[in-house]
């Protein structure tokens, strides 16, 4: 199991709103960016998924906002597979300000695995190599150095 | 207590993603649009809020996706104040396809009331007229005709 | 040739940026919304386009910003087909504040007609009924009442 | 005059639309990201601007689309100050696919310099150090190695 680098993002001007902070909807987008980044790093890029005919559908998303990110901040998103049973998966996220290590938000997204026609796929049986990848990362905190607490 | 018209929105092309459906982050934005619309209809527009110096901060947001909205659909968002204690508030939402009445998503957002410096405000004591507005609508299903079940 | 109602949009909170105005990228999105709305009203909805196998690809877009739109404003977008030769089309737009009639922005988008494989389509020959629709509206100012000057 | 690194961006899933390509409005946002990045690298970050009380307002934006960017692509945006007279500025942009060097789009944005009350500022007289920074970069192609042609 390889060590995974954390997902970083520089806050764009267009992500702010008139309160002078990042609009809360963008965190849901950052979760996706961090998830895509993570999937690619473990060898399960979208290209790969399409190739083998698997989709990871979003069933739910939530975010708790603690401290506002602002324009120019570099944020770090740390995803973790908190649940996975071969068919459904929950990914949790922590968002930090990279510079000062302040925890800005936490959240999670819930997913299921389907084929390209949105029919549920049970990876354990049908795609054991996919099953293994996700199983291996259940509960793994990608921040191996414990930089962000 | 006035009857409130429901919030409607026509799905924009730029709200879709390459899966051919509305990107899931947009529902969080629709919740906000519906909330703003509701607040204005009960006499509590942003202009009014700014005038009296109150802000309604977003503490959390979540959405459960059931059926995908698509480009060109008109969706209806029905907000409901599910909790309000004068200081904190939870608003829940149901999103429907207007044409066929199918429930597309449900969700909620959590908020607190603050002054312009983000100091908590207890409306019951400090802004009784604000307190009354929100209290009156606790648990009220805006869909008075029960069109969307 | 039918009279076409103008496209209206209420500015969303998430469309603002930290300067307290609508982020300039959103005007390009409003142009699209107004164009889609117009196409639908003249009987050329996206569903119809897909059915007959035509796409209207975006080749270019531009916007000149005059006065900033703000949260809560209702804006009116008036599209006009300024050029159309059966294969290429230019649509120009004027954006107004509905309440006070102030011109906020002008712009245009350039397009070509293609089949679903992005091969150019010459509508005059291949889709004369499509050609007629667009030809009929060349230079037509949809604001028939001259409300917005 | 320092050598400036190019602005890179990984295309997000939420930037795509149902045509399976990046929605055209996002290029306008990438222009801004690249401009902000450039300004910061030449010592003129937003923080600095705010400190000295200068704003760079967007007067116009345009983009010509050549080849579509897609999800997962890494794009490179190369800004160039094509015009600057101390008060008005035009920045032009080229967007490339990093992997294959294909030119995806070109565009420009037009700006003026103002104080925080949006009153025009003539930098040559009032802020000579600002004037110098921008003057030095007029016409400079940041791609010093000529990687992207």
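Order of writing sets the chain letters: A, B, C and D. Residues in each chain are counted from 1.
One rule holds in what follows: a residue touches a chain if its C-beta (ideal position, glycine included) is under 8 Å from a C-beta of that chain, and two chains touch if they have at least 3 such contacts.
Note that this is a predicted model, so its numbers are computed, not measured.
Novice: Please name the chain that ends up farthest from subunit B once chain centres are defined by their CA atoms averaged.
Specialist: That would be chain D.
Novice: Tell me which has more C-beta contacts between its two chains, A-C or A-B.
Specialist: So, comparing the two chain pairs, more contacts are at A-B.
Novice: How many angstrom between the C-alpha centroids of subunit B and subunit A?
Specialist: 26
Novice: Can you compute the centre-to-centre distance for subunit A and subunit C, using the mean CA position of each chain? Integer Å is fine.
Specialist: 36
Novice: Which parts of subunit D, given as residue numbers and ranges, touch two or more other chains?
Specialist: 13-14, 19, 25, 29, 32, 71
Novice: Which part of subunit A faces subunit D closely enough to touch in the complex?
Specialist: Against subunit D, the touching part of subunit A is residues 12-14, 29, 32-33, 36, 45-47, 71-72.
Novice: Spell out the part of subunit C that touches subunit A in their complex, as residue ranges.
Specialist: Touching subunit A from subunit C are residues 13-14, 16-21, 23, 25, 71.
Novice: Taking the touch rule as given, give the residues of subunit C at its contact with subunit D in the complex, in rising order.
Specialist: On the subunit C side, the touching residues are 19, 24-26, 28-29, 32, 55, 58-65.
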